[in-house]
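Letters A, B and C name the chains as they come in the text, with residue numbers starting at 1 for each one.
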Amino acid sequence: MSPEVTARVAIVLAAGQGTRMRSRVPKVLHPICGRPMIQHVLQALSEAGTERPVVVTGHGAAEVEAAISGLATCVRQEAQRGTADAVSVALSTVQNDVAEVLVTMGDVPLLEAELFTSLLAARASDDAAVAFVSARMPDPTGYGRVVRGPDGRAAAIVEERDADDATRATNEVNTATYAFDARWLRDAIGRVEASGSGELYLTDLVSIAVSDGRTVTVLEAPNGEDAMGINDRVALAAAEERMRSRIAERHMRNGVTIVDPATTRIDAGVEIGQDARIEPWTTLQGATVIAEDAVIGPNSHVRGSVIGPRTTVWASVIEGSRVAEDVQVGPFAHIRPGCDVGPRCRIGNFAEMKNTRVGAETQQHHFSYLGDADVGDGVNVGAGSVTANFDGVAKHRTVIGDRASIGVDTMMVAPVTIGAGATTGAGAVVTRDVAPGKKVVGVPARPIELRRRGPKPADPSPSTGSEPVPSGADRNT
Amino acid sequence: MSPEVTARVAIVLAAGQGTRMRSRVPKVLHPICGRPMIQHVLQALSEAGTERPVVVTGHGAAEVEAAISGLATCVRQEAQRGTADAVSVALSTVQNDVAEVLVTMGDVPLLEAELFTSLLAARASDDAAVAFVSARMPDPTGYGRVVRGPDGRAAAIVEERDADDATRATNEVNTATYAFDARWLRDAIGRVEASGSGELYLTDLVSIAVSDGRTVTVLEAPNGEDAMGINDRVALAAAEERMRSRIAERHMRNGVTIVDPATTRIDAGVEIGQDARIEPWTTLQGATVIAEDAVIGPNSHVRGSVIGPRTTVWASVIEGSRVAEDVQVGPFAHIRPGCDVGPRCRIGNFAEMKNTRVGAETQQHHFSYLGDADVGDGVNVGAGSVTANFDGVAKHRTVIGDRASIGVDTMMVAPVTIGAGATTGAGAVVTRDVAPGKKVVGVPARPIELRRRGPKPADPSPSTGSEPVPSGADRNT
Amino acid sequence: MSPEVTARVAIVLAAGQGTRMRSRVPKVLHPICGRPMIQHVLQALSEAGTERPVVVTGHGAAEVEAAISGLATCVRQEAQRGTADAVSVALSTVQNDVAEVLVTMGDVPLLEAELFTSLLAARASDDAAVAFVSARMPDPTGYGRVVRGPDGRAAAIVEERDADDATRATNEVNTATYAFDARWLRDAIGRVEASGSGELYLTDLVSIAVSDGRTVTVLEAPNGEDAMGINDRVALAAAEERMRSRIAERHMRNGVTIVDPATTRIDAGVEIGQDARIEPWTTLQGATVIAEDAVIGPNSHVRGSVIGPRTTVWASVIEGSRVAEDVQVGPFAHIRPGCDVGPRCRIGNFAEMKNTRVGAETQQHHFSYLGDADVGDGVNVGAGSVTANFDGVAKHRTVIGDRASIGVDTMMVAPVTIGAGATTGAGAVVTRDVAPGKKVVGVPARPIELRRRGPKPADPSPSTGSEPVPSGADRNT
C-alpha cells in the first residue's frame, strides 16, 4: 500500500443532546478531571496515532466546536437522523485515500489509546469490513446486543427494542466503537435503511458486512465499564472517580506518594516528581508541575503553577505562579496569579501575594498583602503590611530592596521604592521612596534621622521627637 | 369504611439506651446528615401518609422529647418492659377509630416512605392481622429469625436465644417494622406473655396471629441493610454514608454535578439548581439553597444560606446569609450570619463580613472586616480596613455610600457614615461622618481640602501639608 | 524451662531496596498513618511480648537505624545475600539462651500483635521447628507457594520461579513471617544452600525441617491482605487506607463519632474522649488528645495538641498547643506552637497566635496576631491588632492584663505591658507600658487624659485635642 492509503481517520460522534444529564451544557462538554469529556476522547485518539479527527456536532454545536477548536475538524449534523447519517456527514469531509476509519463516541471518555490501537490491529489482521468493541455487562438493559452466529462470529448488533428474548438474554453489548475498512464503509453506509423511527443506525453495518461476505471482528473490552457512555450525572461522577484513580495510580507507579488517592484530584496533564508527597483533599489543576520531594496538602489547591523541590504547600492556594525550592507556604496562604517566589522563602498564614516577584529567603509570615511588587532577598514583611497598588485608575508597582524590614502595619502607596536594608516603622504610611538603609516612620512616613533635630512635619509625634516609634522593634515572626 | 376508620397511626419505639453507642446522648438523637436519626424516621412516616406519630421514649426521654417537639406525640415507657409493652403504652394514647397501626424503630433511619406504603398496602390487601418487613442478612447473628410454615407463610419470629439450629440457619430476619390491624392489635397485645427475662416481645404477635387463624404477611425489604438498626458508631458512620449517597444521587439525577459524591456532605433539605457544580470537601447544611450554575467548593461550607446563580464560593465559609448572582467568594473568605451580598461583588481572601448589607459590584478583595455595615454599590474596600462596630456596650452601624473608596487600613469607628463617592486615605481613622464626594485622611481623619490652606489640625503631617497621603493611591485590588 | 530459655526474640528484615517504590527513601521508612512503616511492625512485636527486636538493615541502613534508634538493635547485612543470610547476621547478636525466634519483614506493617502471639503459640504447641503464616491470595503471582504433603502438612515453600504448574496453581502463599525453635534454627540456618542466583533463602528451612523429621506448622492469616508486603506506592496507599480504617473503627467503638471515617486521618497514638465528634477532612496527628464532647472539623488539622471538653475547632489549624474547655476556634484560625488558650475563649477567623498564653473568656475574633504574648482573662483583641515581637535580633514578650481592650489596628511593640482594664485606641502604636485602667491613643500611643488639657505631643491631632479617637469605640466583635 502507498503511505496515503494507510492513513487512519477517526470520526467522533458528538451530536446527541444527553437529555438525562438535565443540563444546558452539551453532554460532551461536561468536564472530567479538568477537561471536557470529549477532549479525553481526542487525546486517546491522538495517542493511538489516528489522523486529525472529524467530530460530528449537533445539539450545542457552536459550544462544542469552540471547546475543541484546533483539536479536530467539526462538521454539523443538522438533523438528528441517526448514527449512520452522522458518519455519512463526516465521511463527506474525509479524503478518498484514507484506508481505515475509526468511529467512536464523544461521550465515552474512558477508553484508552491501547484499545483503539488493538481494534485497528484486529481489523487489519482479519481484513474485516468492520471490527467493533463489545463489552460484557452485568445488566445489559438498554444496550444493543451482540448476536453471534453458530461459528461464534458476530452476525448482527440488535437494538434492545428489536431483540427477541434469547437475544435480550445475552450480556454482550455493543459499545459503539468501530474500525472500518474505509473503502467498504463508503459503499455500505449508503445501504443502511431507515429504522421504524426513521433513524439510520450504524449498527446495521454489521449485518450488511455479513451479507457482503465480509468478516466482522469483535474485540471484547477488558474493562467493560470503561466503554460505556456517560448518560447522566451519576455516570459522570463515576467516570470522574475512575479517571482520578487512573491518574493517581500512574503517579504512584512513578514514585509519588499519594496518601489518599480517593480524595486527591489531579488533572490529566499534571507532572509530579519522584518522592513528592500529595496529602489528602488537594487539587492539582491545569499545567501544574510539582518537583521532587515537594509536599502538597492537606487541603491545598494548586492551579497552573510550578512548585520547586522540597517546597511545602499546606492548606493553601497557589494560582498561576512559580514557587522555588525549599519554600514553606501556609497554612492559609494565597499566592495569586503572576507570582515568582524565590528559594527558602516563608509565606505564612493569611499572606496574600499577587503579580509579585520575591527573592530568596524573604519572610511574609502573617496577614499582609503584596500586589504588583518586586521584593528582594531576605526581606521581612511585617504583619498587616499592604501594598496600595491601585490609584483608582491604574496599577503601580512597589519595589522593596534586599534585606529591607517592612514594619508591622506598613502601608506602601505605589508607585514607591523602599531601598535595600531600609526599615519602616510600625504603622508607617510610605508615600515616597525610601533610600537604602534608611528608616522611615509615621503617617506619611519620613526618615527617622530628621527627628533627632526637633519636631518635624513628618513626625507623627511632632512635639517631642524624643519617643519615636522604635524603628527596629516593629517586626514579628 | 368511614373515613375515620381508615386512619393510620405510626408508633415509633425510641426508648432504648443504645449501650453500644457508648454515649451520653440518647441513641435516636445521634445525627445523620444533619438531623437526629429519629427525624429521618418521622420524615419518612410523614411522606407515607400516616397520622401524627406517637413516639415512645424511655432512656433520655426529656432530650428526645425536646428534639422532636412539634413533630410527634411523645409517651414515656417508664420501665423497660419490652417492645410489646412500649406499643401498649403508645396505644393508650391512640383513638379507637384508628384502622391501622404502623410500628417502627427510632433507630432505623434509612427506611424510605415507599417501604412503609408498601407494607401498609400489603397488610390491607391480605387483610392480615400483622404484616412485617423481613430482610436477608449475610450474617443473621443477633437478629430474630423468620420461621415459615410448610405453606411458606410466616409462622413465627424467634429470637436468637430461643432458636434451634435449623432456625438459626435461616438468614431471613425480622427488621422490627410492622403494620397491624388496629382492632386486632388492641386485643392481642394484652395476650403477649412475658419472656424468661420478664420482657414482653412484640414479635410474639406473629404466632398469636397465626393461632388466631389470621393472616401474617411478610414483606422482604429490597435493601436489607436499610432496615437494620443503628447500634454503634460504626453503623452510624455507615448509615451516614448511605444517606449521603442517596441525597447526592437525587441531586445528580436532577441535573446537579457533584464531582465527588463520596466527599460532599449535603444535608437532607438542601435545594440545588440545575447545572450547579458542587466541588469536593464541601458541606451544604441546613436550609441552604444553591441556585443554578453556581459553583460551590472545593473546601467550602455553606450553612443556612441562599447562593445566587453563577456565584462561586471557593474554599470559603458562608453562614446564615444571602449572596446574589455572579458573586465571587474566596478563597478563604468568611461571610458570617446576617449578610446580604449584592450581585457581581468580589469577596476575596481573608475577607470577613457580619450582619452587613452590600450592594452590587462592591469589592472586598483582601483581609478586612465589615461588621454591622450598610455598604452601597461599587464600593472598594481596601486591605486591612475594619469597622470598629462595638464600643464595649453596644453595636453600631457603619454606612458606606455608593462608589466610596475605602483606603487601605482605614478604621471606621461606628456609628459613622461615609458618603457616596467619598474616599479615605491609607491608615485613616474615621470617627466622624464623611460627606459625599469628600476625601479624608489622618488619625483621626479630616477632610483633605483643608490641607491646601496650610497646616490643619486634621492633617497627620500638620507642619507641611505639602505631602499628604495621596488620597487616590491607597486602594488595592 | 528456666525463665531465660523461654525468651523470645524477634528479627525484622529491613535490608531490601524496594525498587518498585521508586524512591530515594528506604522502603521501610515510608510512613503510614504518621509513622514509618517499620515502627508499626516494632509496635506490634512489642505488644506481642517479644524481646527487644533485632532489625537487619542494608539499603539505606544509616537512615533506617536513625529512624528506629531506641526501639531496636540494628545489625547490617553488608551484602544482599538473601533472607537466610540476613537471619544469620541477626542471630550472631542474639544470646544463646533464647528459646524462640520470630522473624518478620519490615515492610509488612499491617500484621497485628494477635497474629504474632498466635503463631508463637502454634509453634510451641506443636513443638515445631518452624511455624509460618500463610495467606490465600486471589492472585498468587509472584509469591512463594506453600506445598503440602499428602497428610496436608506443609512440605516446602517453593519460589515461583522454581515452581511447576501444579505448584503455581495453588493460591496459598508464604507471607514471610515465621516462628522458629531457636536451637534448631541456629543449626539449620547453616545448612541452607545458595540458590541459582547465589542468594540464601529462608524458605528452604521448611524442607530442611521436614527432612529433619521435625514438625512444620502453618497458620493461615485470617486477613491475607494484611500479611502482604508493601512493594510500591499503590500498596502503600492501600495500607494507609486499611490502617486508617482500623484506627477509626477503634475510636468509634470507644464512643467517638467519626462522621466520615474514609476522609478522617487519625494517627496511631491519638487519644479521643467519649462523644467527641470528628468531622470530615480532618487530621489528628502526633501526640494529640481530644477531650470528650469536642468537635473537630470539618477541615481542621490538629498536630501534637491537647483540646479540651466541648471545644470546637472548625476549619482551623492547631499545632503544639493546649486549648482548654468550651473554646470556639475558627473557621480559619491558626494556633501555632507553644500556645495555651484558656476556657471559653473565642478565636475567630484569620486569628493567629504563637507562643502565647491566653486566659479565660478572651476574644480574638478577627485577623490579628498575638506572638510571644501573655494575655489575661476577658481581653478583647480588636481586628488588625499585632504584637511586634521581634526587633530584628531577639523576640520580646507582650503582656496584656485582664479585661484590657485592644482597639482595632493596635500595634504592640514588644517588650510592652498593657495593664489590666486598659484600653488602646484605633490605630494606636503602643511603644511604652500602659498603666492599668488607662487609655492610650495615637502614634506612638499616649494616655488620653493628657488631651483634656490642650494639644499634647501624644495626641495624633495635636492642634485640636477636641476630637480624639474615641477610645471606647474601636472594638469590634
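What we mean here is this: a contact is a pair of C-beta atoms (placed from the backbone, for glycine too) under 8 Å apart; a residue touches a chain by one contact, two chains touch by 3 or more.
This structure is a prediction, so every number in the text was calculated from the model and none was measured.
Asker: Which chains lie in contact with each of subunit B and subunit C?
Answerer: Chains in contact with subunit B as well as subunit C: A.
Asker: Residue numbers at the subunit A-subunit C interface: does the shared fraction exceed half, giving same, or fall under half, giving different?
Answerer: Interface between subunit A and subunit C is built from largely different residues.
Asker: Please compute the C-alpha centroid of subunit A, do the same for subunit C, then give the distance between them in whole Å.
Answerer: For subunit A versus subunit C, the centre distance works out to 33 Å.
Asker: For subunit B, what residues touch not just one other chain but two or more?
Answerer: 262-263, 281, 299, 332, 350, 367, 384, 409, 427, 442-443, 460, 462
Asker: Using the touch rule from the top, collect the residues of subunit A that touch subunit B in their complex.
Answerer: Those residues of subunit A that touch subunit B are 21-25, 30, 232-234, 236-237, 240-241, 244, 262-263, 265, 281, 283, 299, 301, 317, 332, 334, 350, 352, 367-369, 371, 384, 386-393, 395-396, 409, 411, 413-414, 427, 429, 431-432, 442-444, 446, 455-458, 460, 462.
Asker: Going by the contact rule set out above, which residues of subunit A touch subunit C in the complex?
Answerer: 248-249, 252-263, 274-275, 280-281, 298-299, 315, 331-332, 349-350, 366-367, 380, 382-384, 405, 407-409, 425-427, 442-443, 460-464, 467-470, 472-477
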